[in-house]
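One structure, as C-alpha cells, below. Some questions next.
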Amino acid sequence: MTENEIRNLLEQVRAGQVSAQAALERLRRLPFEDLGFAKIDHHRSLRQGFAEVIFAPGKRPEQVVSIVRRMSRNRHNILITRGDRRLYRSVKRAARTARFHELSGAISIRKDKRIVGKGLILVVSAGTADIPVAEEALVTAEVFGNRVESVYDVGVAGLHRLMRHHEKLLEARVIVCVAGMEGALPSVVGGLVGVPVIAVPTSVGYGASLRGVAALLGMLNSCASNVAVVNIDNGFGAGCLASVINRL
Amino acid sequence: MTENEIRNLLEQVRAGQVSAQAALERLRRLPFEDLGFAKIDHHRSLRQGFAEVIFAPGKRPEQVVSIVRRMSRNRHNILITRGDRRLYRSVKRAARTARFHELSGAISIRKDKRIVGKGLILVVSAGTADIPVAEEALVTAEVFGNRVESVYDVGVAGLHRLMRHHEKLLEARVIVCVAGMEGALPSVVGGLVGVPVIAVPTSVGYGASLRGVAALLGMLNSCASNVAVVNIDNGFGAGCLASVINRL
Amino acid sequence: MTENEIRNLLEQVRAGQVSAQAALERLRRLPFEDLGFAKIDHHRSLRQGFAEVIFAPGKRPEQVVSIVRRMSRNRHNILITRGDRRLYRSVKRAARTARFHELSGAISIRKDKRIVGKGLILVVSAGTADIPVAEEALVTAEVFGNRVESVYDVGVAGLHRLMRHHEKLLEARVIVCVAGMEGALPSVVGGLVGVPVIAVPTSVGYGASLRGVAALLGMLNSCASNVAVVNIDNGFGAGCLASVINRL
Amino acid sequence: MTENEIRNLLEQVRAGQVSAQAALERLRRLPFEDLGFAKIDHHRSLRQGFAEVIFAPGKRPEQVVSIVRRMSRNRHNILITRGDRRLYRSVKRAARTARFHELSGAISIRKDKRIVGKGLILVVSAGTADIPVAEEALVTAEVFGNRVESVYDVGVAGLHRLMRHHEKLLEARVIVCVAGMEGALPSVVGGLVGVPVIAVPTSVGYGASLRGVAALLGMLNSCASNVAVVNIDNGFGAGCLASVINRL
Amino acid sequence: MTENEIRNLLEQVRAGQVSAQAALERLRRLPFEDLGFAKIDHHRSLRQGFAEVIFAPGKRPEQVVSIVRRMSRNRHNILITRGDRRLYRSVKRAARTARFHELSGAISIRKDKRIVGKGLILVVSAGTADIPVAEEALVTAEVFGNRVESVYDVGVAGLHRLMRHHEKLLEARVIVCVAGMEGALPSVVGGLVGVPVIAVPTSVGYGASLRGVAALLGMLNSCASNVAVVNIDNGFGAGCLASVINRL
Amino acid sequence: MTENEIRNLLEQVRAGQVSAQAALERLRRLPFEDLGFAKIDHHRSLRQGFAEVIFAPGKRPEQVVSIVRRMSRNRHNILITRGDRRLYRSVKRAARTARFHELSGAISIRKDKRIVGKGLILVVSAGTADIPVAEEALVTAEVFGNRVESVYDVGVAGLHRLMRHHEKLLEARVIVCVAGMEGALPSVVGGLVGVPVIAVPTSVGYGASLRGVAALLGMLNSCASNVAVVNIDNGFGAGCLASVINRL
Amino acid sequence: MTENEIRNLLEQVRAGQVSAQAALERLRRLPFEDLGFAKIDHHRSLRQGFAEVIFAPGKRPEQVVSIVRRMSRNRHNILITRGDRRLYRSVKRAARTARFHELSGAISIRKDKRIVGKGLILVVSAGTADIPVAEEALVTAEVFGNRVESVYDVGVAGLHRLMRHHEKLLEARVIVCVAGMEGALPSVVGGLVGVPVIAVPTSVGYGASLRGVAALLGMLNSCASNVAVVNIDNGFGAGCLASVINRL
Amino acid sequence: MTENEIRNLLEQVRAGQVSAQAALERLRRLPFEDLGFAKIDHHRSLRQGFAEVIFAPGKRPEQVVSIVRRMSRNRHNILITRGDRRLYRSVKRAARTARFHELSGAISIRKDKRIVGKGLILVVSAGTADIPVAEEALVTAEVFGNRVESVYDVGVAGLHRLMRHHEKLLEARVIVCVAGMEGALPSVVGGLVGVPVIAVPTSVGYGASLRGVAALLGMLNSCASNVAVVNIDNGFGAGCLASVINRL
C-alpha cells in the first residue's frame, strides 16, 4: 500500500464510501513501513549518499554484473568491495568507467564526482601490509563524495616518519587510522590532533596478534579520547563512518 | 495518539472537516506504536501471561515494594528474582501471600493459581550446587501457571540415580535441565526423551569450568538434537521459555 | 536375550525346571537394554518421527548410497546434510525422488508427505550469507513433516524489511532465527512474538565475529526471554528441535 | 629552553655574538617540544575545549580537591569521573557550584555554560542497568559544552519503546548508544538514522556476557555502517568523542 | 523393588500364582537400577574403597557434622575437603580422631588404617604456594589407604633441588605432580620416571597465569607421554585417581 | 667420559698416579649425564618397553624409511604415527611385516608379540568421527604389548548402546575414552567402572566445539573422580599412558 | 655427600682401602647435586648477586621477619616484594635500615651499596596508575646494585611529554618500559633507542583491557625489534632481568 | 628543510637580512624531523648495525631483488626472512654470495663478516619441529655480526640431553631459547645460567597448544627471573634483541 493508496482511502472516507471504522481497520493492518518506516527508508537512502555498495564475496561475477547493470540506471556511484581482477574485467564490460583498486580488490564506478564532504578525510596506516585495508577505506570515502588523502607506512616505532606528516594530520577533518600488530598508531595520532580518529585494526601479524584481536584490544584501550574502533579489517566501515561524520 | 484519536481524525475526514491530504500528513507523523506497535505490545502482555517480573539486584527494597504495590492492582502473579530474605520481609508487609524461595532468592506472589500450561514441566539438575538455578526455573514456571516437578542430584557419573526417575522423564512435556561442570546431563536426558530439553549451564565448578563456560560449550555441542541452551545461571529464562512452549 | 527368551525363562521357572534363585542370577546378568532400554530405544525411534538422517562429511558417496538403499526399505523420509552436487547425483540414481538443496548442500528424499507438526515453523534469517544455514533448518523441518515458510534478509539495521513480515511472524507456532555478525535478530524477533524462538548463530562475518562466537554470545545474552540457542551453523539441530516442539 | 630563549639566541646571532654554526648546534640539541611539540600541546588544550578532567579512582579526596583548587584559577569547566558522594562533599567545599551525578559518580563544575557543539547529542541506552554508563557520557558531553538529551530503557526486545522516540533520534547530530548483554541497540539505532553512532558496551549481564565482551563483540560486528565502538563501560570516552564530532 | 522382591516374584511364578506373561510385564516396568544398576552401585562403593567424601563449601557446619555422624556407623574412613578450622572444631566433637590439615583445609577421620595401595604414591609440587593443593592430594590418597610421601618446592628453575630426590622419584608407583605458573614440572618428572604422572595445575600465579589456565595448557601439551591432567586445583581428584591406579 | 674412563681414573688414584684432589677436580667437571643421568636414560629405555616411535608429519618418506631401517636392527616394535598410504608403501618395502591402520594413518611393525600388560585395555569412543583418534590409541597400546579391545559409537545421547557393553567395561583394567563435541562420555563411563579412565578429547565438531576445546573443558570438569585427560586428538599419548598403567 | 666426603673417598682409594670398582659404585649413587649441580647452585648464587628476595604474599609477618633475621647474617641486600606498611613496621624492628616503598609495597634493606651494573637502568611508565609496578622494577634494580632513574607519566597520546626526556632515553643502557591499557609505549620507546627494552604490561585499565591481557598482546606484537616482554604486573622480573643484562 | 637550509637561515639572521622574530616563526614551522628526529634516525641506523632486513611474504621476487640491488650499494649485510628456494634463486642472480637457510626460509648476504657482538649467542631449541624458528634466530644473530652456536632437540622430558651441553650453556653471553608445546625449556635453562634468556614460543603442537599460545603463556609465567619473551615464532625478533644485548 503506497502513499497514493492511503490518500485514496482517505478520499473514500471523505466521500462517505468507506466508514471511519473500516478505514481504521485497514490502516491498522498496513504493513509497517507504509507510514513511518517509509520515512526511515528515505533517510536511509539519504544517508547512503549517492553510492550503492556490493559486497563481492559469495557472489558470482554474472550476479555482480547484473546488479551493477540494474543500479546503473540511476546516477549513484557504485562501490564493489573485496573483488578481484577477474571480477573487474566482467564489470568493466558493463560499466566503462569502472576502476580497479588492486590491493584491496575494490572496484569503483564514479558517475557523480561532486564533493559533498566538508573537509579532508585522511587515511593513515602503520605498515605496508596494512595498505589493502587502508585502500578500502580510502576508496569508500572517495566514492561517497569526499576529498581523501593518505599517509602510509608510519608505524609508531619510527616516529620521525609520522612526524614528517604532522601538518597533514592537522589539516584533516576526520582521520581513519589503520594498524595491525600492536595497534598503537591511533593513540599516537589521536594525541596529535583535535578531530575524530576512526581506528581500524587489521589482521596483519602472526602468533600473539591473534588475527587482529591484539590490535583491536589495543585500540579499544586507547588512552586518547577521540578514538573509536570498527571491526578488524573493516576498511569499508571506517570509510563509511568517516563520510557520515564529514558530511555533518 | 490513541486508536480513538485516529478514529476521530477519520470521522473528521468523513465529515469534511479535514482534507485527505492533511489527514495523510498527520498519519505520517504518528508515533510508530500507535498503529502497529500497540498490537505488538498487546501480544507482549499476552505472552507474559498473568505474571509480572522484577529483577531485584540494583534496586532498593523500597523501590521493589513500591513496584509490587503498583502491580498488585491487577490480578497478575508477581515474581521477584535474585532477592534475599531481607527484601522478602519488606515485600511480605506489602503482599501477605508472598513466598520466599531461599536457595534461589526468588520471591513469588501467586494470586492466580490457574494452570495454563498443557503438560508437566520437569526441572532436572545434576549436582546439589546447581539447585539454586534449578529452583529459579521451577518457581518461574510455577508462577507462569504450569504444573512443575523436579528431579535433583542426578549427575551423569551416577546414571542409576537418573534412571530411577525414568518414568518421570517420559511423563514431562518440557524438560529444563540444569548442570554445571561438564554440562553433560542435557545430552543424556535428551537421548532418553522425545520432548524439548532446555539446557541451563551453571557457574558451578572451579578452574577449567571457567565460571560456567565449560558447561555452556558442552551443552551447545550436545549430540542430542532436542536440546537448546540459555545463558549461564539463567534459570529464569529457562522457566520462561518452558512456559511459552508448554502453552502451545 | 530377547523378550521371548525372558518369557521362556519365566515359563521354565513356572514349570519348575529352573529355580527362582537361578532365574534371578540369569536376570541379573541380562544385558541392560533387554528390559528397560529397549523401551527407551522405542521412544527414540518415535522421536525421530519418520525421518532418518545421514551426516555426509567424512563418508564416501558409495557409503552414503548404500545407507540410503538400506533405509529405503521402510517408509521413512531421508535427510542427508552437508552433501554436494556430486553426492546428489549418486544418491539420485538410488532414489529417484531425491531433491538437492544447493545452498545448504542438503539432499532430501520424501516418501511420506504427511504433515504432523501442528502449526507453521517460520525460518527467519538476517543476511544473504546466512541463507545456507537457514535452508538447512528449513529442509530439516520439512522432511520431519512440518509446514515451513521462510523470511530471509531481514537484518536489524533495516527494521522496515523485518516489519513488512510482521503478520507472518505472528502466524508462526515456532520460529527459527538465523543470524551471524552481531546476532541481534532473535532479540528483536523474540520481542515481537509470543512463541518459542530457536536462535542459530552463523559463522558469517570476519574479524571480531570470531567465526560465529560473537553472534553466539549475543544470542545467549538476549534480553528476550523466549529465546534459546543451538550451536553455530547448526541449522539441522534448530530444524529438529522446532519439529519436536511443533509436534507437542 | 623557552620561546624567549630561542628569540634571545637568534638576537645574539643577529648581534654577531654567536655564530650561525654554534646556534645550529644549540638548536639541534633542543628538547623536542620547544619547537614543534609546543604547537601540538597548544592544539591539545584547544581540543580539550574548556574542560579539565580528573579520573577519581586511586586518588585520595584531598588530592582531588587540591587539583580542583589549582584548576579553578582558570575559567575551564571541571569533570571528575567515577567519584562518590563522600568525594563530592569534599569537592563541594572547594567549589560551590559542583554537582553530583549519583548513578555514574561523576562530579561536574560548570563555570562556562556556553554551548559550543553545533547540534544535539542524544544518549540512548538499552536497560536500566546501563544508565550509570549513559549518565557518564551525558555529563561529559554537557561539561564539554553541548546540548544533550537522553532516551533510556529502550532495549531491542521492546521495539515500540524505541520507536516512540523516533523523532528524537532523527533530530540528533551525534548519538551515543549504550547497551550491555547482547549489545544489539546500536545496530537498530544505526539503521534508523543518518548520523554517527558511538556504541558503548557495558559490563551489564552475567554468565556468557563475559563482563561486557559479548556486547563489545556484537557492536564491532554491527551490520549498520555508521557505528564505531569504544571500550566497555567507557561513557567518558564516548562523551568526549561525541563532543569532538559535534564541534566539527 | 529389591532383590528380595524379585525373588518373591519368581517364587510366585514357580508356585503358579503369577503367570510368566504377568511376571514379564512387571519385570519390564522395574526401575532400572533394580537389576543392572544395583550391580554398578555395588562396584561404585567398591571403587570408593573404605572412604566417604564430603565437599564442605556451601554446607553449614551442623550439616557436615550430621553427615559425619551418619557415616560413622560403618567402618569407612571419612574425608572432608575444603573445610576450615572452625568446621574442624565442630567435627572434632563428633569424631574424636579427626585430624585437620591446615593448608588445604582437609579434615580426615581414619578408622581403617590398612594400606590397600600396592606401592608408594609420591606427591611432588613446584612452589610453596602449590602446597595446599598438594596436601589435598596427599591426604586424599592417605585416607583411601595408600602409603604416601611428598617432595615439595622443587620447581624446574632449580633442577638441583628436584634431583636431590631422584631416588625417591624412582621408588614411586604413581606420582602426583602439582604446579602453577608455567606448569612445567610434570614434563620434567615424567621424563625421569617410568610410572604414571598425574598432573595438577594450580591457580597459583598472576597476570598471564590466567588463574591456572597457563599451567593447565602447559601440562596438556607435555612432551612426556606418561602424563595426564586433572582440573585446576583439583588435588582431591588427583589423589583419587592415584588411589585407583595404585590398587590395580 | 664413560664409565670406563672413570674406572681408569679411580685406578690411577689407587695407583698413586693421580692425587685425590686432582681426581676430585676432574670429577667435578664431568658432563652431567656420565654418572647420574646415564642411569635415567637407562630407565627411560626401560620405560619405552620394546617399541620405538616415529612421528611422521614433517618427515620425508625416505627419512622415515631410513630411521625404520636403523631401528630394525634391534628387536623392538616400531610405531609410526600420522602417516598415510603412500608412506606405508615405502615402509612396507623396508619392513615386510608393516601394517597400515587406515583411519588413523598409523603404521605398525610388530616383531615382538609378547603381551606385557597385565589386563585388558579398552578403547571406547563416542561418534564415528572419533574413531581415527581411538584407533591411534588402540594401535599404540597394542604395539606396546597389551591386549586391547574397542567399543565404538556409544555416545551419551544413546545410553542403551553403551549399556550393551557394560560387561566389557567392567572387564577392562584401563579404559581410554575418546569423544568430541560435548566430551561427556568419560564422565558416564567413569561412573560405571572402578578403574582409571584416560579421556581424549577430539577436535570433532564445529562452531562452539572450538576445535576440541569444548570437549577438553568438559572432560577436565568431569564429575567422575577416576578420569584424567590428555591433549586434544592425542590418541598416541593415551595409548602410551594406558600401557604405562597396565604394566604396573 | 659433601665435597669433603668425596675427597675422603678418593683418599681411601688412594690408600688402597677402597677398590676403584667400589668407589665407582658409590659415586654412581651420589645425589645429583653433589658434583655437577653444586656448581650450578654456585653460579646461581653468583647470578643473584648480593640480594636475597622474599615474596611477601601468603607469609605471616613473623615468618618474613624470621627469614630476614636469618638472611641478615651475610652481607647481602634484601628485597621484600608486595608487602605493606604493617609488614614494614615488623621488618623495621629487625632491620633498622629497611626502607618502605609505598606504592609498590616493596621493602628494601641495602647493606651493600656498591654499584655493579655497568650503566643506567631507566624505568619508564605510561600512566600514573602504572607507577606501582614501575616502582617495583626500580627498587629491584637498585637493590641488585644498579644506578636507576625513572621517567613517569609519558603515555603515547602525549608524545611531547615523552620527548622532553629524549636525552635521558638515549643515556640508558637498559630500559624497563611499564604500561597498561593499549601497551603501546615500548614500541615508541624501542624505536627511539638502540638498547634492550624490557616491556612490562600492567593490569591497569578496565573492560577490554582484560586485566592486562590487551597490553600484553600489544607488547608481544611490538613493531620495534629490541623489545621483549615479561608477565603482567611483573615489575620484579623486569628489574631482575635488567640487572642481569646490565652486568654483562 | 635540511641542515644546510637552517644554517643559511641563521646566516641570514647574522647578516641582518632576516629578523630574529621572522626566523623564530620559520623555525617553529619546521617539519619535526629536521632537528631532533634526524638525530633519532641516526641512532636508528646505528642500532640496525650493518644489516638491512627484508620481510619476504607479500613481496614478489622481482620486488625483493630490486630492494637487494639498491641495498647492495652500501656495505651492509642483508637478511631476507621467510623466503623460499624460488626466491633464493632470483636473489642469487643479483647477489652471488647469498646463502639459503632451508628450514627457516631465510636468505643471508654477508658482505661484512666482522664480529661486533662481545660474546657467544647460543640458540637452544626443544624439539626438531622448533628448528625452523631457531634457525631464523641463529641466522639473524649471525648476519648482525655475532658469534652464534646452537643446541637443538633438548626438550625438558629428556633432561640428560640438555645436561650434556651444560658447559656450552655456561659459556654463552646471551641465550635464545625456542620451544613449542608446553614451552618449559626457558625456565629450566634460565635456572642453569646467569645470563639473559630470550624465550621464543613456537606454534608447534596441536589441540591445546592453541597455535603457540600455551607455550607463550608458559614462558610468561616462567619461575626463572632472567627470562623475557617475544612473539610466537618470532625467531627474527629474538635474534635482533640478542644482538642488541650482545653489543652492550
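Descriptive notes on the structure:
Just so it is clear, A, B, C, D, E, F, G and H label the chains in written order, and each chain counts residues from 1 on its own.
Here is the rule we use: a contact is a pair of C-beta atoms (placed from the backbone, for glycine too) under 8 Å apart; a residue touches a chain by one contact, two chains touch by 3 or more.
What you see is a predicted model, and the numbers here were worked out from it, not measured in a lab.
Common neighbours of chain C and chain E, listed by label, are B, F. Chains making contact with chain F as well as with chain G: E, H.
Taking A-C and A-B together, the pair of chains sharing more C-beta contacts is A-B.
By the residue-number overlap criterion, the interface of chain D with chain G counts as different, with under half of its numbers used by both chains.
Of all the chains, the one whose CA centre sits at the greatest distance from that of chain C is G.
Think of chain B turning onto chain D: fitted on CA atoms, that turn is 90 degrees, to the nearest 5.
We define each chain's centre as the mean of its Cα atoms; on that basis chain D and chain H are separated by 40 Å.
Chain centres here are Cα means. That of chain A falls 50 Å from that of chain G. Averaging C-alpha coordinates per chain places the centre of chain A 55 Å away from that of chain F. For chain C, the set of residues touching two or more other chains reads 32, 36, 40, 44, 158-159, 163, 166, 191-192, 207-209, 213, 216, 220-221, 231-232. Each chain pair that touches appears in this list: A-B, A-C, A-D, A-G, A-H, B-C, B-D, B-E, B-F, C-D, C-E, C-F, D-G, D-H, E-F, E-G, E-H, F-G, F-H, G-H.
Within the complex formed with chain E, the residues of chain C that make contact are 3, 6-7, 10-11, 13-14, 16, 19-21, 23-24, 27-28, 30, 32, 35-36, 39. Residue ranges on chain C touching chain A, taken from their complex, read 128-129, 158-160, 163-164, 166-167, 206-209.
Only residues 126-127, 155-159, 180-184, 187-188, 190-192, 205, 207-210, 213-215, 217-224 of chain E touch chain H when the two sit together in their complex.
Contact residues of chain H toward chain G in the complex are 36, 40, 43-44, 46-47, 118-119, 163, 166, 170, 173-174, 191-196, 198, 216, 220-221, 225-232, 236-238, 240-241, 244-245, 248.
Taken together, the chain A residues at the contact with chain C in this complex read 29, 31-33, 37-38, 40-41, 44, 58, 201, 203, 211-213, 216, 231-234.
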